[in-house]
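In the two complexes below, chain A is the common chain; its partner is chain B in one and chain C in the other.
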Partner chain A sequence: MEKIVLNAFIFLPLVLALGLIPVSAERKNVFRAAVVLLCLIQFFLSTWLWLMVGWSEVKYSGGFESILLFQTHLPWIELSLGHQSAIQINYHIGADASAMLLVWMSSLVFFVAALSSWKLNEKVKSYFLLFLVLNASVMGCFLSLDLFLFFLFFEFMLLPMYFLIGIWGGPRRHYASIKFFLYTLFGSLLVLGVLVLLLLSSTLAQPEYTGGVVVHSLDLRVLMQKGNYLKDAVVMSDQVLFAGLSVREVAFWLLSIGLLIKLPAVPFHTWLPDAHVEAATPVSVLLAGVLLKVGAFGLMRLSFGLFPDVAMANAHILAALGAVAILYTAWVALAQNDLKAMIAYASVSHMGFVLLGLSTGSSVGFSGAVFQMLSHGLLSAGLFLIAGVVKEQAGTREISGLGGLFHRSPGFTALAVLLFFASLGLPGFSAFVAEFLVLTGAFSAATGPLPIFGLWVPVLALAGLLVGAGYFIWALQRLFFGPYFNVVTEEITRFKAPGLQDKLIFFPLVFFSLLAGLFPSLWLDPLQAGSDWFFALMNSASMPSLTP
Partner chain B sequence: MNADRLIQSLLTDLPALLPEAAIVFLFLISLIQALFFKSKATTVTWGKIYALALLFIAILIAYQCNCRFGSYFWEGWQVDQASIQFAVLIVVTTGLVWFFAPKEDSIGTYFPLILIGFVMGALFLAYASHLLTAYLALELLSLSSYLILLHPAGLKIPVEERSEAALKFFIQGATSSAMMLFGFSIMFAFSGSLHYSSLLQVIMQSSNPLLLTGFLLSLAGFVFKLSMWPLHWWAPDVYQSGNTTVILLFSTVSKIAGIAAAYRYLHSGPMEGWVQVWLALFAVVVMTLGNFGAFRALNFRRMMAFSSVSQSGFLWLALILATTGDSLKILVFYLISVVLGKWLAWAVYQRLGPALGAEMTTWSFQRSSGLFDGLMLLVAFMSLTGLPLTMGFFAKFFLFTELFEYLNGPQAGLWWWVLAGSVLNTLPALFYYLRPFYFGFIKNECSQSQLSDSPWTVKSLWLVLALAILLFFFFPGVWF
Partner chain C sequence: MIAVMDLTFLMLICTLALPLISFLWLCLPVTATRKPYLHVAGILNGLAGFSSLVYFLSSGSRLYRYASWEWIKVKAWNLQFGLVHYPETAFLVFTVSLLSLFVWIYSLAYLGVKEDRHRYFRHLSLFIFGMQWLLVAPGLGQFFMGWELIGIASYLLIGFYRETLDEASAASSAFMHNRVGDLGLLTAVSILLLAGGTADFTALSDLASEGMYAESLLVIAGFGFVIASLAKSAQFPLHAWLPAAMAGPTPISALIHAATLVVSGIVLLLRIKPLLLPIHLDLLYGIAGLTALMAAVMALFQTDLKKLLAWSTISQLGWMIMALSKGGEYASLQHLYAHAYFKSGLFLLAGIFILFAQHAELNEPGSIRGLKPWLLNHKVLRWSGIVLLCALSGFPLTAAFLSKEQILMGFAASHQTWSDPLYWISFLVPLLTAAYAARLYFTVFHTGSEELLLGKTWKATASLWMIPFLLALFSLFPLLSLNPFEGTKNWGPVLGFGFYQAGNPIPASTQWLLISLALTLSGWIVGFLLFRFNLQLPFLNRRYWTEHLQAGLIRPVFAAGRGFSFADRRILDAGIETLSRSVVVLAHVFKLVDRHLIDGGLRLFNKALYHAGPWGATTSEGKLQGYLARTALVLMVLVGLVMMYLD
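Showing the complex of A and B:
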């Protein structure tokens, strides 16, 4: 039963999209209602599956296989390459706790985004069809256990997103959509290159036992075991390619850069502010809430999962990237005058914690990173909704052009204050728990007997939190408090208080963020098996090391 | 060798080549028809009949091909797995494209005659394994191409424009075949033979600079046919002023023929070592320059021309790597993906072109009738770029997979560059292939165009092509 439901996450949206094609574009409410209903169903199903994960009490008992649940494994493509070698690609989906958590979070964010798309009035049919395709590919990305499948969904996400940003976006949407597309496509090309390398290095069984026949596979279960790589595989050897880097290291970095673009981490983040600012509100919600997690998830599964030795050897670089991202983008956010741009930079800053958490290589860091993905998904979605309401009701998002919104709508202000404080890490909300876990992991990694990186890394991250508090509170003060004014129009009635339905959208986000902040163990306990796996992988010699 | 024995051996070889001889008969029939039954109204009908006849010939070629494998006409004519595959692909593509061509494109008294001459040249190129046969076939193909460009089919493009393009094409074609001949003559001086295999043996064994020059010059004919840099500058003009069916044939059938001819030449001996890696690097250069050209092109036809330069680079790479039977399959798979993608793209353009014009900056698919057209074009371009869900993805995927096997061998350093260059060159393709959609869906909000709904016959052809492109993605095993 659980297996069928898991497959439904991918196929239900696609089937619905096919079913909606013949419906006339004039009947806008049909599209809206169908998509909202689908997202609601997905949310209930994923909640149920999440509870099943919790009840199943999976324990890590050696090997990636032991933490996987609900697997479906069907043969798809089998091709001979000549020289007694063949490629086997399977339709293999399934989830561990962290993937399931992300699916749950995504289905919630998709539901909220679908609700907030209700007001959208232009080209409704195309919008919702693209929305459904995006939904299916995101779910597919989280659930794929064959990396070929993962790559398909990963790449296929770009096209609907390109159109969603480009058609329904703001004034500079053309530039933003192309930039988004080229950056992320470049990233996925790097990922593809490494995947082909991994594919050709892997084998289901060593040729000496099979009479020389080699069957290559990109199945994660296969790739995560050292024994499943060919003895002369170039990706396992320490043959130096250039600048003293071995092929394995180069592959790791290409893969990581491809995924860091998506995350995004600091030198590769410039597509994000453009895309987030120009996209329509629900699309920004999806971009920040869901799409960034795909990069983080890929980093966790692929970069760290398949190259644990290289990842740990370079953990100080990754951690430094994370810490720099946290502080630098927080600093940049401080200077933003556009509310949405500020939130976008805050997003990059918060995703830095995911990178930092993973690079500690510890179980608490892993839990923190996954928890941060959950928390950021809920809160950034909420923040972008706030920005959307401000723009819609006040006519502008300029922080310096608005003030005293509290006097127009105390209820909305209360919501905004809640979300802003939750995002800056107020205890009681999910962000606090996540950042606390990551920083705990980072401090212990920096001060342990074998420090992975210097103490300055967590200190930078901590400073970033301080700056974060600064821009959130400063923006809050300028936007909502003081005397009311609005540069767009002098008219005092211009800022209408948002209606009940606008406020209700926030309810699930705030509720779950609060729940996760107050009872983190509801989420952290099922994650334990995953973090045990991560810890064991990062701190064992189960994968070949570079030095013989 | 006296005349008797000559005729004797001709007669023993001929029966094995009946399918290929059938196309000569078809040529003669169309000559008679053009001379005596030349009313304009019937040429379209005649065209459909010839197209069906070509499909029949394709079946003949493929039927029991195994028992015809071998070398004929004093080793000037090679029938093997590769030549049969290329030949069938050439004839089937021409037949189908011709059969489904819009009426206005295939009007013209001598159109069938020239087109059959064109296929004949292309087909013979696929078999030629001797300089003489190859040169004759290449000239037949080039002359027919030149004539078919000039032929007043459709009559929409002014004759000045057409003759300018045709003249450019002719002069460059003549130049490159002269270069090719010169190259062959240098190599002949070294090897004393005009057989491909002995020519290639010489080049593999020696590194005399004069011989190297000869080798490079001898590639000119193929490079020209494939519209590859540096002999590509006819392409944009020809693409801009030709009738769409003819351009479609140029960008598919001519390419297959060029690839087939180059395959016969370059794989007549072992292709390996530094020659292979440098030819592969050449492919990367061609891709890059083609992409640069397409970057600037805002005219749909010119963009297609430059993108086909870059596409030829990929084909050339697949050709260079096609040393085994399996990698030959990958090459042909790539060719099929190019044929399907280009056919769909040009078929959609045949509908859109008259209403929207060639300048993409003014395109708009915003009307509901334009949505379907736009989607079909999107499928075609996704496949040509190599995005997932389309056949083009696997075409490129297998190509890169092949490349990885060279990374363990000699010249690994250079092969890394080939790999990196070709992977990175898939990125710019997306930038210009997205342009029609950028303008059509995103930039141009209000529709100014007079785009009418396409008839279902046209739409169903597109759908079949698009489905083929998608199905080859989900079941690539059908081919392999």
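Showing the complex of A and C:
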């Protein structure tokens, strides 16, 4: 049953999309209702999978396999490369707790985004069809255990997102969507290159036992064991390719850069503010809430999972990237005048915690990173909804062009204050737990017996938190307090208080953020097996190069 | 783990839960100025006050852990929520409830029927809950949560008046200053958790006394604690937010910025004292001493009543931290209690004056300066004011007299020499305190002529004047001791319950009683002389530190932000844009090459063939020798080329 449900996450939206194709584009409410309903079903199913299955009982007992549940494993493509070798690609999906958590969070964010798309009135049919394709491919990314499948979904995400930004966006949407497309396509190419390299280096069994026959595979379980690489595989050798980097290191960096673009991390982040500023509100919600997580998830599974030795050897660089991203983008956010650009930079800053948490190589850091993905998914979705309401009601998102919105809508102000404070790490909300775990991981990596990096890394992150409080507080002060004014219109009645449905949409986000902040064990206990796996992988140097 | 349910525990739960329920109640989306809506919350808080009294009276003199449960748990460590009875701060739990109840009643009258006053009471409830949550915290995790909650409640309450941006920026300033301290506390918590696996206060003290922590870690953690307490208790260099916070409603200043929130820094120091190394204590002593002196001088020359009281609070807090860092836990706690009552009383009194005079200026005749004729009609206010100012000065028969004497004896017992300027400061601060108290008395209570107040018929209602009066009563000696001249005889043992028994009380001696009295009296004389000769130092009323902070830190930070933003847009992004442009340009070049060179070459060849056609046709005249000659020529050229190549 659980297996079927897991597959349904991918196939339900696709089937629905096919079913909706013949429906006339005039019947807008059919599309709206169908998609909202689908997202609701997905949310209930994932909640059921999260609660009813004893994720906390799953124990790490050596090997990635031990933390996976509900695997579906079907042969798909077999390709012969001459008579001695073949490629085997499987439809292989399954979940560990972190993947399941992200599926749960994504289904919630998709639900919220679908609700907030209700008001959209142009080209409704194509919008919701693209929405469904995006939904399916995101779920596929989190659930696939074969890298070919992963890459397929990873690429497939690009297309609907490109159109969603490019068609329903703001005035500079074409520029933004092409920038988004090129950037992420470039990242995908890097990932693809490394995947090909991995594919050709892997084997299901060493040729001496199979009479010289090599079957290549991109199955994650295969790739995570060093016995499954050919003895002369270049990707395992530390033969220097250039600039003192071995092939393995080059492969690691190419893969990581590909995924860091998606995360995004400084200096590959400049596509994100543009994409956010131009995208429609629900698209921004999806972009921040869900799509960035795919990059982070890929980084965790692929860069750290397949190259743990290189990742740990370069952990100080990754941690520095994370810490710099936290501080630098927070600082840039301080100078933004567009509310959405500010939130976009804040988003990059918060994703820096994911990178920092992973690069500590500790189980606390891992838990913190995954928790941050959850928390950021909920809170950034909320923040973008806030920006959407401001734009809709006030006609502008310019922070300096607005003031005293409190006097128009105290209720909405309370909501904004709540979300801003939750995002800046008020204990009791999820962001605090995530940031605290990551910081503790960073301090342990900096002060432990074998420090991975200096104390300056957590100190930079702390400084980032301070600046982070600064931009949130300053934006609150300028937007909501003081006397009311609005540059767009002199009309004093402008900025109506948002209606009840506009406020209710925040409820699930705030509720779960609060729940995760007060009872983090509901999420942290199930993640324990995953963080044990991560810790063992990072600290055993289990994949040394094969050449002596 | 929940221990046996007894009365104390039940009352402790009520003390915490009722303000929380009141907060949630006021969060309900009822658009009401209707009284029942608000009064339900008021009754809840009244019950909370009653519960806290019963809790305090029924609690024992031993630390007792009533309940605890997991908050954040990972393999190596966990943070816990819980309810713990700390005998030394049990009275503070009661004080917070009582003062907030007073402030609640006072605020109803002070705010009048303001449309959105339920927002004020909602945030007030949140504050009460946060403060109690902090006080009963079993460890640093919950403590931090309470610490943040009161910070945010204070942010919201300072900015309660949303008419101008001044309140909002004062609130932001307070929050950002506190945020610096929060990060210090966060660092300390992280490091201690990693080193010992626990953030529990008792476990931390035990581990520290067993020497379980590496000294380098304790140094970092200790600095984190020092920064945290300096920020919350408004000590230099993180003091500027407190005078600015006076932009908020006066009852809030009385509760939060005099009696409760600002003392949480001291509570923190009290809880983690065993972890502090001598270097931290010396640092605290030095900073607090300088702050106490500076703030007392500022208070002496302030012309704004609320700011005067704010500087006085900073000074008094500095003085308490000085005492604490020299081992006087008992004395500084006593002073903390005494100060909480008389300072909030003074603030609430000031609130009434401000309501009457419509502003807080002390220098202009007709404002708060010279209220004598009005106060002669308001005997209760007058006498409450006199008692509260006596308490501020540490005059005999007030509680502050006892605590002051304790603190001074503590300093004397800590083996310091007169060559240490900080030792001088510890005696100078109470003298200056008495001086500004006296100056305030003469300015407000002692001068004034009838005609200045003509036409002002406003009278304080009972719920306004009653509260400072009650607080004046609470400022008298029975608060701390049954004997007006002996601070160690508190009435805990008499009534048979645990009273604040932390630290090391020192029995009073006649010598110190006299010294203490002499300091008060000489301070009064200084204050009188300053008033008599009207010495003003107006430059002390400018916000130098804030201005320098703006110019030296805030503006550069924002400028750097704009710089980074520029770099992000114009350099990083532009670089990539140039790259993509050059790709497009290259594509155009390729297109040109494609169209003109390759394509064009092909067309040229075509053309050439076309034109060569007629010419070639002339060669086909059908003569054999002609063909042969041409074939030979071509062959010769070919052979020649081959020969050249082979050579």
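To be clear about the criterion, the second predicted complex is superposed on the first by the 538 of 548 C-alpha atoms of A that agree within 3 Å, B and C clash if a C-alpha of one lies under 4 Å from a C-alpha of the other, contacts with A are read in each partner's own complex, and residues count from 1 in each chain.
The definition used in the following text is that a contact is a pair of C-beta atoms (placed from the backbone, for glycine too) under 8 Å apart; a residue touches a chain by one contact, two chains touch by 3 or more.
Bear in mind that the values here come from a model prediction, so they are computed numbers and not experimental data.
Contacts of A:Ser126 after superposition: chain B is touched, whereas chain C is not reached. Contacts of A:Pro267 after superposition on the shared chain: chain C is touched, whereas chain B is not.
In the superposition on chain A, contact is made by A:Pro520 with chain C only, not with chain B. Set against each other, chain B and chain C touch different numbers of residues in chain A, with C touching more.
Of the two partner chains, chain B is the only one that A:Phe151 touches; chain C does not reach it.
When both complexes are overlaid on chain A, the residue A:Thr447 reaches chain C alone and has no touch with chain B. Within the superposed three-chain model, A:Leu185 lies in touch with chain B and out of touch with chain C [touch as defined at top].
Once chain A of one complex is fitted onto chain A of the other, the partner contacts of A:Ser367 are limited to chain C, with no touch recorded for chain B.
Chain A uses residues 182 to touch chain B in one structure and chain C in the other. The touching residues of chain A, when paired with chain B in their complex, are 25, 77-83, 87, 126, 151-152, 155-156, 159, 162-163, 166-167, 173-174, 177-178, 181-182, 185-186, 189, 192-193, 196-197, 199-200, 232, 234, 241. Residues 324-327, 368, 371, 382, 387-389, 397, 400-401, 404-405, 407-408, 416, 419-420, 423-424, 426-427, 430-431, 434, 437-438, 441-443, 475-477, 480 of chain B touch chain A in their complex.
The touching residues of chain C, when paired with chain A in their complex, are 29, 70-77, 116, 119, 144-145, 148-149, 152, 155-156, 159, 162-165, 167-169, 171-172, 175-176, 179-180, 183, 186-187, 189-191, 193-194, 217, 557-558, 560-562, 564-565, 568-569, 572-573, 576, 580. Against chain C, in their complex, chain A makes its touches with residues 182, 267, 270, 328, 331-336, 363-364, 367, 403-404, 406-407, 410-411, 417, 421, 426-428, 433, 436-437, 439-440, 443-444, 447, 458, 462, 465-467, 469-470, 473-474, 476-477, 481-483, 518, 520-521, 524-525, 528, 531.
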